[in-house]
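Worksheet: the structure to be examined is printed underneath.
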């Protein structure tokens, strides 16, 4: 196989990886604020996709308004979920909170099914299609858009967590809820902000996914697919999610491009374990501080 | 050049031994250096603990006292230096550097922690039974079956644990979950857990922090009894100078990871370097 | 709490069932288990059998997650190893099931040991990803190693024979499952009142302190992985013979997640919780189905949304249980028991 | 300024810890709260600051008043906003945040940015060591440094009333001295009212204007420091002095102990 | 067992059915299920079978094998004499038990082995097996190449990672390609992929010129879109589970020119066999054109099952065994053109052997062949 194939695999892998990264960032935001892995992330993606579908294809809003409405509604859903499901568990063991997101995934899925049915739908056509050539490899314009969004998210979120009041409060809460409370930090408010943010990023990712996959339940799988991405980058690191997405995307692409029979599903895991043996908290994750 | 503490300074030992015969060395720390990234927690530390004594380590916060204890018990691995432990006067010395923590416990070194590290989900009794872990032989099969030898073993060690319970006067707490105990009692249970190990060398990291005078008195009595009646060599980190003065035979002072002084409590208290770095003009 | 009851020797103080009330309860349970198959319809027997298998698997998982504190997403994989192991031994080598099942459990234990190796360095969710990797890899191997497993085709396992009887009905298999499940529960309960179990819990609570009192933390983590996998493999192997067929679709990541749900809703680190959780996760959909069926008859218009309602209710119940009692059903059960212990003098 | 009236606190609906506790802190003063382990000192502070809820504790009887308003039903964040700030037992720094971020978290309720920068400088003035530790995570600081950080966080919030739970725990003598000096300075220079829980009774009484001694969930003795220091039980059990005012030696192993009577 | 005779002549006849309404294949499963439910609603309105009502016990099993087993035992206990399944997993898992319980079973899984009575005695396939579909497709592709004098087909079989996906390759496909002297190789489509560019790049590089999909419409639509974006020059063909309207919706333009294996005629061609269904839907205010091909499939399967039960009722008692016997009397039964004629024998439960090939043109399925029958392995010249 020639170098043009290699180049194509690289470009496809990277652009795919950025889709993963987009999804992974949603995990990171929730984790940063509460040490919780959100098993309902796939459903958040799905909701985002369906909302955009509803606003644009069903209600006929222009796409810009439709996307805006989608993001706002997603944020609302994030807030509602936090209020009804997560808030009662503040202060309880993290594992209970993780578990509750598993219940949530069933519930959300049922709600989507109930509203829209299970039949996949074509996503409204507003994201520019077509492709550009890049050093002889072909990459879709929609993927370029994904890369741009990932870059924006990276910048915005990094600034948020470093420098804003709520950003610092979020990280503080993840470390010690009670101590945070004693500073007058409102755990409720900060968690609500976190879930709203996560829901918004998920909606963005959901829209970008639906554009390729269609508005269908297949999107849910992606929720779990990106788990290795989040771990590789480090559970609480936004840059980690981006780098992890790129690395896993490349690994998958090369494996699928040079081997048959679905090895791309496991090669990333094997590499991941090897990396973790050297860096137990992923590439950029915060380490657990154990002092005695 | 910092003053060397204990037998590492051969001349000093010879001099000391001329006056009174010295007990043999139990723990010899030699040139130990430990750093985390840029932070030098320990810098060429050397000291020497003799069999049967109560040896105190003092020093400002962040001086490296806990790090030294952690290095002894195998939790940290110093980059340089040696730590050798001689279980009994005639026994063969064992090198502790690079030895896994559980293997350090197996040669008879037990410890307590600065911030109580009990098994909070368990009862006092279970915590103490864990102290007997190294003396028990049960494996998955025998424990799962339990009947027969395993039950006998459990009962035998339960008896040993009861001795410790009696000794530390915590009879009425046996079946209580340690998480709900008051701070002072938790500290006592932690001591009990260490004693359940039947240690030859006991490392105590601020056993009396957060106690009032009355409780410190109790604790002091236990530490002394363990040392005198059970003959357990004890290394003690403590910030309360009253306690240190009264309990310890010898004291080493660390500052910024280096040992700056060593000697009897009275010598150390009078040392200007110690006053400057640690004590201040207290009264 | 149990003031007023004194034990004259350590042996009775250390017994598993110390209180008279506890002994009565245990007795009632045993009688109930023996009488049940004579009263139950095959449908209920089927459910009971599923609960028994799930309980064994859940106890296994609880050893790792609940007691030792190592999160595992690889339950499905370990069940698969047990199921394929025993199935293949029976089908390919004609090994009788009472040898093949323990052998398969042992094979799973070895697999668990290997998966546990990264626990030398990894903790928490980072370790969980190692078990997730195991899940993916086992799924991959099972579906791709055609020569061994028959690949994606189902492996048909003949119904086992015991004392000349073919164990091909729910009623007959019930006895095997109940005996094994009780033995496993007793085994686990014993573990946690003696040396090994204590060491595991110590690692969960405070691994540094555990190492400082002489527990070989890495060794015991591996042991927990092996023991847990042994039981999980056991449940997988039993499932293979009970269902007479092994397909990889039964051992996917969804299975891993639903087992986690069992032990968390049931109560982490409790044997009874494993049983309660297994029962809930098995019975809940069945109950909702039945409920749905009656709804189908009374309100046929509901037919189209009914499945989604079922799906939603399942999630909702999980959420409600956790919100109301984050420490699980076992905690609820304890509260009930506490209430009755001092009843009628509850205040 | 602050008063607790017959406060009763129950944990987990069953464990009764405070059994009708009453105390008062006057504006601008330092009140010391002494007591044995498990007496309920920390619980008292948490009852004031609203931090009982996350631990399943509840004020079931009596009330807590701050500046004339009943606050025991308010959520913790409101109480902080009203000007009460608790420095919790055991430091509780945010391990993965830098010292500076920890301090900023302390200023969460302070709204204006300029004030925050100024407050930061003030804290660095009190504890220059915190500035030196720069960008390393707070979890790696030594015990003493973490304690400075915990107090520093309180300063960032500019509270009217500061609740300090064993600020000297685990600190070296020199630092203990310094911390007490700083507490006194905060009280004097900024007019902050302080409720101080301490095991180091000698020092606490030295800087306090008034003192309470509690045991078993109740106040058993109160008075000015001078009055308290005169009490025989306080002398023996809190100050470690013999009847004649000499410091006792911990070597004097005594298996019998006179019972406390709390007669004044 | 559940085959116990229903003694009273007017008691309802119980049929058990599990559908995928929420699981991995619910997109197509829902339509199939709707048709079957509608069919029996209508049948009961018209008086049932031989004067007896049909009690269709059904539920969603979410594509979860364990749940399928549970529902199965519930329904058998409730007296089901006939069972309708759905996917390959549940059909495989239940095939031993239905044989033991002697309950005939039809599902929507067309794996070749399931039609072999020595392997799966009580299973009946109401559809052309995946292998037969593949043979017919390959024949067509070869013919086409020969006619135009172009390259011979070099086929990549892109398949779902499951028994369903590999079935056509394993069960004869590999040998058939050899026999016909063409290149063919399997390529797995990993679960949950959002992009198949890498796999397609490899396939194109390997010299293949044709891709046959054995997967559902979702992933296939992604793959054809990827191929369009990459500008690959490949011919695409679908076996039956991506030959439906969902593919048209999702893939849009990218689906143009894709060949489709049609074993159940789509609505819109005026097929007689779909009239009943169309009328029923119209009477309820719906339209079969909206529901699509899968609805027709469900309806056809239900009619066939009903025919078998009617034959059993005509012969005597309705039991699992009598229905089983009735199935084996089908000989060229006409489904009104929805499928090829149906025949079951005691040695062959593959009821349908033929299909038509369609091509997607201008967003519609257009037939390019008449009904073609599969030449059995070894019989190809």
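The chains carry the letters A, B, C, D and E, assigned in the order they are written, with residues numbered from 1 in each.
Please note the rule applied: a contact is a pair of C-beta atoms (placed from the backbone, for glycine too) under 8 Å apart; a residue touches a chain by one contact, two chains touch by 3 or more.
All of these numbers come straight from a predicted model, not from anything done at the bench.
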Once you count every C-beta pair in contact for both, which comes out on top, A-D or A-B?
A-D
So the chain most remote from subunit C by C-alpha centre is D
Note: subunit E sits from subunit A at a C-alpha centroid distance in Å of 36
Expressed in whole Å, how far the mean CA point of subunit C lies from that of subunit D is 48
Could you state the distance in Å from the CA-based centre of subunit A to that of subunit C?
32
Could you work out how far the Cα centre of subunit B sits from that of subunit C, in whole Å?
42
If I count partner chains per residue in subunit D, which residues reach a count of at least 2?
140
Could you list which residues of subunit E touch at least two other chains?
21-22, 161
Touching two or more other chains in subunit B are residues 75, 113-115, 117
Name the touching chain pairs, please: which are they?
A-B, A-C, A-D, A-E, B-C, B-D, C-E
Which positions of subunit E touch subunit C when the two form their complex?
21-22, 34, 37, 57, 59-60, 62, 64-67, 69-71, 73-74, 77, 89, 92-93, 95-97, 100, 113, 161-163, 165-166, 170
Spell out the residues on subunit D that touch subunit A in their complex, using ranges where they run on.
49-51, 54-55, 75-77, 79-81, 85-86, 88, 92-97, 101-102, 104-106, 108-109, 137, 139-140, 153, 157
Spell out the residues on subunit C that touch subunit B in their complex, using ranges where they run on.
2, 10-11, 14, 187-188, 190-191, 193-199, 201-202, 204-206, 208-217, 223, 227, 269
Under the touch definition given earlier, write down the residues of subunit E that touch subunit A in their complex.
21-22, 24, 26-27, 29-31, 161, 185-199, 201-202, 205, 217-219, 221-222, 225, 229-231, 246, 249-250, 252
Report the residues of subunit C in contact with subunit E in the complex, numbered from low to high.
41-43, 46-47, 50, 143, 151-154, 156, 168, 170, 243-245, 247, 249-250, 254, 285-286, 289, 292-293, 303-304, 306-308, 310-311
